[in-house]
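The following pair of complexes shares a single chain, chain A, combined with chain B in the former and chain C in the latter.
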Partner chain A sequence: MSSPAIPMPGSIGRSPDPDVAPPAAVEDILATAQALRWEVGQEFHERLVEAMYTEAARLGDRAVTRPGTEPRFDLDRSIDRVVTSRRWGFPIMILLLALVFWLTIAGANVPSAMLANLLLDQAHPALKGLAAGIGMPSWLSGFLFDGVYLATAWVIAVMLPPMAIFFPLFTLLEDFGYLPRVAFNMDKLFQRAGAHGKQALTMTMGWGCNAAGVVATRIIDSPRERLIAIITNNFSLCNGRWPTQILIASLFIGPLAGTSWLAGAISAAAVVVVALLGVLLMFAVSYLLSRTVLRGEVSSFSLELPPYRPPRILQTLYTSLIDRTLIVLWRAVVFAAPAGALIWLFANIHVGGDSLAGHLVNLLNPFGLLLGLNGVILAAYLFAIPANEIVVPTVLMLTVLTSGLVGQGVGAGVMFDADAAGVLTILKGGGWTLLTGVNLMLFSLIHNPCSTTIYTIWKETKSVKWTTVASLLPVAMGFGVTFVVAQVWRLVAGG
Partner chain B sequence: MTSPLVLLGGTAAVILGLGLLFWPRLGLLARLRGARDYARRVRTEDTLKHLFSLEIDGRRPTLQSVAGALGASPDAVAGLMTELADSGLVDLAQGRISLSPRGRDYAIRVVRAHRLWERHLAERTGYAEVDWHRIAEREEHRLTPEAADALAQSLGNPAYDPHGDPIPTASGELAITGGLSLSSLGPGDRARIVHMEDEPAVIYSQLVAEGLHPGMVLNVLETDGDRTRFWAGGEEHVLAPLLSNHVTVAVLQPEADLPEPGIPLTQLAQGQGATIVGLSPGIRGAERRRLLDLGFLPGTRLFAELRSPSGDPTAYIVRDTLIALRADQARHIRVQP
Partner chain C sequence: MPAQNPITLDPQTVQGNGNGSTDAPALGPACAACPAHHAANLKRLGVDMADWDYVVALAGNPNTGKSTVFNALTGLRQHTGNWPGKTVARAEGGYEYGGARYKLVDLPGTYSLLSTSLDEEVARDFLLFGRPDVTVVVVDATRLERNLNLVLQVLEITDRVVVCLNLMDEARRHGIVVDDRRLARDLGVLVVPTAARQREGLPELLQAMQEVATGQVHLRPNRVHGEPPALKQALQQLVTRLEAAYPQLPNARWVALRLLDGDERIIQALKQGELGSLTRQAVLA
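Moving on to the complex of A and B:
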């Protein structure tokens, strides 16, 4: 197969203008061309394009001189041989991710506490006092400061510090050049699940924030594989859900161990198990989607592994704070403020002797118990659609409100937090068992994405259908999983 | 006495129900009728296509053959034939079934839509080869002649579909392609694959799995009664007659047309260098251009540098850049170590 001589590019694939009637001579030429079309062979276009590229490369090679002929990036290759080796590739990956999480969780504790102290313990009473001072009616100050302000402040206090740590760390790894190696290492697994290797990156990004993870799926070219990545991103346990997991694990799972140092390890392990279960579900759902409703197109996989380079720390800090942290935080605030208002109204509007929230909890309670949860948890998840951060405070408030515990809480519709012992007392008072704790951890992993993420999914896909699927599929799965766990648990435990 | 509210509500419900049933174009009945019309058109077009393909092969259609092609009973087909004869698409004179000129035009239009769509799938989408025929079977009934012309123009008026079948032109001309069956070749023969039959899908998917594509040059090594052993695309293949009968080849002059040299890139050991000798005809369209963009060009030197700890993909150094490719792409690149 010899490559053909290069014809003039203008003569390729251009058909005659249909509006102009061709004169006889042109018609002859067209007829000849038509006859020749069958003879030039099937792969004419492919061969032509290849010849053009080859010629371009030849011209380029003639004009450009390169120092040396053998591969040069020696340090890069040495790093690559380690981070993609059979023995060390996966352990290094897991270690680095664990380090990022540890830095995020441990590092966020102090600033989170400071922000909570400032916004919740100092500013909130001050605002209430100010309102009382200028004679604002109590319903208005309750609505504005207990409802709108408190929920917003809560989201900022819980969400901002971990995101401000996680995203820059993640961006540093990206900037250094390590993340493409993660995609390289993991591609086989994703390939088996019918997904794209770059989904490894959007998945890890989802551990910071699902909305950011959904935006990150833009790096996947094929629409089908991108949709799979978007729908399954919710199974990455996001920053907003880590605190719930850690709290519940340390309250309900840790104490099973007995000794205190073991308790810490066991509750940490429980959280890791939940996060890994999320990864497993991500693969399982990707597999099912790519073989059923999203069957079809496969995109070509070509991944450039860029040379390593020292990360530009300041620029990274700036872009990750502006592009990722602040945008996501802003969206969360926009959604949290109305949610706070709604929670306050539901707790304070009384119909027929009980608050709306009370009615809602009673309505959801039978279903909640069937799932090994309770009405309070389901109601809290309804209220917390805007931001998963407010699940625990809402649960505490609703539990106090509906179970009539005396001496706890700070008023209807006012979210609050307590130390671990206080939380445990309230929850036990609300009838919680070990099963409730376990199922809450499961449901926290497998439920609908928060409204910020749903909105982002819609913005990215512009499809009502897929946004609905992405929102409802996980919550249906969550109901299924908690239901089965609850029934099996009761069967085994005899409760 | 029922309450007026219930009566009002009931009436509204009845009106709504009637509307849902009988609304023109959107109502349930209209939709059912639309679906029935569509099903009838599909049956008509499939029949004409079958008659046309037998005509090309010089065989005579029977009620049974049509019934087999449609998956319907001969009785139903008999009724269908009368219908088609009444509308002037089929000629039933002298007890023979044949296409009328109008029916032939219609059939050619459907074939054109089908093959253009296959070409479109191959060039522009990432659907697997075994899915092309199935999708085109569906789309051929939906593509209007104008849309087919627009599609042809945007594809650069291709002459052949990805299986090597000629695509009829807008004016209905169709090249007659010749060629021999692969099973008829003897040892030492050299030939180029010009066509691979895409029906039935079971056989076609086995040919695809072998890595065979129209445009490949093959060298027959040995034929022992029922099996053909040959060299193509840098690998040895053995095909049973059931499979090799579905491959049409054009015989080449052994001394003039050398087969593509080299081995698939996937066979390169880690750390080994090689020179690219060509891209297989099996990778086409956007995917092929993507590889060319990345610098996988004939004559380029590359090194198999890293293998993922999970075995696939492999990263190659090409033009001072490290690029990872999955094995199902790399196998289309032939290299000379």
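Moving on to the complex of A and C:
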């Protein structure tokens, strides 16, 4: 490889750095600037900026030739007139969201059942059989295959299909240019809540991942409004929670409608309602924060609506599969495997006549029932602090253990095979009602952020105080909301 | 559309530049200087940037396609999105072209360099203190006038600029014709029309970046002057002092302007010695 023969002014040609000025010189420069500032007057800056804008306009004008006649029909503007209109903006937004969820719910059913069949019905007994064949001690095969393997397989079966459908659809919307229109529609509401309009963008980022949403708040200039956006980002349902919402909605809400196609639509509608409730809570909490501890002016900004661009379908499919689906799935698996091991141990270490898991569940049960949930769900949320993705598998496993549904699993700590019907049987056996399902959906929306998000909040704010607020405020609200719903529900339904 | 180079090319430096390919030694100078030849030799290095010869910054208004250009050159798949503010931190990647290794830094989009928000500050700090060998300003051909404000501001900081006139496909669709040669003459820097999503114009862009990085072109950027006499004098005083204290500072006039304006960030940078060696290390690290 020949090197260029000319002396290069680039990095490799740089001599050791001579430009460290003595402090005296720096003081002199600053003092001079201070003194001169009075001489040049206030308006010089405006004049310079003006000169620059004039120059830019002149150059642009010289270089650009526009078509003589205005185009008769501007597609972008026509689309914008509809999707950002007062009347149609919100309905279209809600319909698009509902459509995405409906496609996800309807499309994920079959592959989910296939994966469950393959990984749980077929592979799991085969692995157990193999272990028995080579004489592996039963505690080891239990730990490995009933704990680690089953938790991991469960996460894949539950999460992979919905993610593989949801992410590409969402990315297509993003690529098309729809997200800034969402921000445009929501801007007024955020302003009225005392928050920054750009928070609408960080909110939509949070629908993918709250940690990413928190990082995205860097686009907000004012520290006050940025803090509001960080604290409330958790009310954007993230991809660790969408599958929980979708599963519980299709198990408990869908069956309320008779026919099967209507069930899918009702389930999708339920998920949209929960997501919109999150948006509402985001407004409410932003409003309260900006009227109390984070008081201040609302800053204005200009939001550029980019042109609509035809999404590149294949590339979107590829990047959303590789970058989002697989990365999120990998994260879930990384957390699910040790969690599975931990749960298996908790279920198999007995102290005073009951397993550790049993003690924990019994301890939390009275409080859980007060909230219209149960001890199993609260215990699962403890296990799932690192990753919300594993809530449902943990719930199922703990339910089997504590409700004595031994027929379903094989011994303590076994996660059983389960298609949707099987899951419903288990949960009903664990004493679940419609209320439990509804409150789980609510609690899944309103609880502490996952540990990754908490860490990100701390990194972005560098404040223990605000990290604590952002972590504990939602979980306290979650307790409050589920408690009220449970009490009212029992009063009305008598259950 | 190969960009006709409007800037005087020094024939000696063109010949002196090796083509960087060991398995094709028989190429004449004309071949070595041809964009098509190098484009075939573009090696996307992804995040593998053990050492590099040149640092290239990608700046521009939000949503002009900086990340798309970045991905096309580095082979990385930095997520791109059709909304302003997608990139909030800087992303880095590398490529090898014409025998030299380039480190490419994708900066957050910014409308100006007089910024207040964190993402805009990331961009400004890098341009100012990172001292990239080449700054590629990606501009939206359909919104040229507004985008040129940033180009003019960047030209205040550094001469070593390539203007990437992106989204030419959209400009064509809207019937807008941009005279890139006239623009290049007016600005005094290289202007390359591209449509990065379709990979149109990227070979020419690479070539232009190489020419600026290796100093093959003499750039005479157009700068906005015409300040009132009092300001001119004040600037002169400050520039003299700054140049005495920092002999290598390439943008003393801009720093002087910011000091007159009372820009806290720049005052801090002076006090903490960032204008000197400190940031250099931070950037290289």
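Everything below uses one rule, namely that the second predicted complex is superposed on the first by the 269 of 495 C-alpha atoms of A that agree within 3 Å, B and C clash if a C-alpha of one lies under 4 Å from a C-alpha of the other, contacts with A are read in each partner's own complex, and residues count from 1 in each chain.
As a working rule, a contact is a pair of C-beta atoms (placed from the backbone, for glycine too) under 8 Å apart; a residue touches a chain by one contact, two chains touch by 3 or more.
Everything quoted here is computed from the prediction, not taken from an experiment.
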First (chain B), second (chain C), both or neither touched by A:Val488: neither
Which of chain B and chain C A:Arg37 touches, first, second, both or neither: both
Touching partner for A:Arg309 - first (chain B), second (chain C), both, neither: second
Touched partner set for A:Leu262, first chain B, second chain C, both or neither: neither
First (chain B), second (chain C), both or neither touched by A:His45: both
Chain B or chain C, by number of chain A residues touched: C
First, second, both or neither for A:Asp28, with chain B first and chain C second: second
Touching partner for A:Ala57 - first (chain B), second (chain C), both, neither: both
Chain B versus chain C as contact partner of A:Asp175, first or second or both or neither: second
Touching partner for A:Asp187 - first (chain B), second (chain C), both, neither: first
Contact residues of chain A, present in both the chain B and the chain C interface: 1, 3, 12, 37, 40-41, 44-45, 49, 53, 57, 66, 71, 303-304, 306-307
Complex interface listing, chain A residues touching chain B: 1, 3, 12-13, 15, 34, 37-38, 40-46, 49-50, 53-54, 57-58, 66, 71-72, 76-77, 80-81, 84-86, 89-90, 184-189, 191, 197, 222, 224, 296-307
Of all residues in chain B, those that touch chain A in their complex: 125-128, 131, 153, 156-160, 164, 166, 169, 173, 175, 194, 214-215, 217, 257-258, 260, 278-279, 281, 284, 286-292, 294-295, 297-300, 303, 305-313, 315, 317, 320-326, 329
Touching residues on chain A, where the partner in the complex is chain C: 1-12, 17-22, 25-26, 28-30, 32-33, 36-37, 39-41, 44-45, 47-49, 51-53, 55-57, 59-67, 71, 174-177, 179-180, 183, 198, 201, 215-216, 218-221, 303-304, 306-309, 312, 319, 322-323
Touch list for chain C against partner chain A, complex: 13, 16-20, 22, 52-55, 62-63, 77, 79, 81-85, 88-89, 99-100, 114, 116-119, 133, 142, 144-146, 148-149, 151-153, 170, 174-180, 182-183, 186-187, 197, 213-216, 224, 226-228, 230-231, 234, 237-238, 241-242, 244-249, 256-257, 259-262, 267, 270-271, 273, 275-277, 280, 284
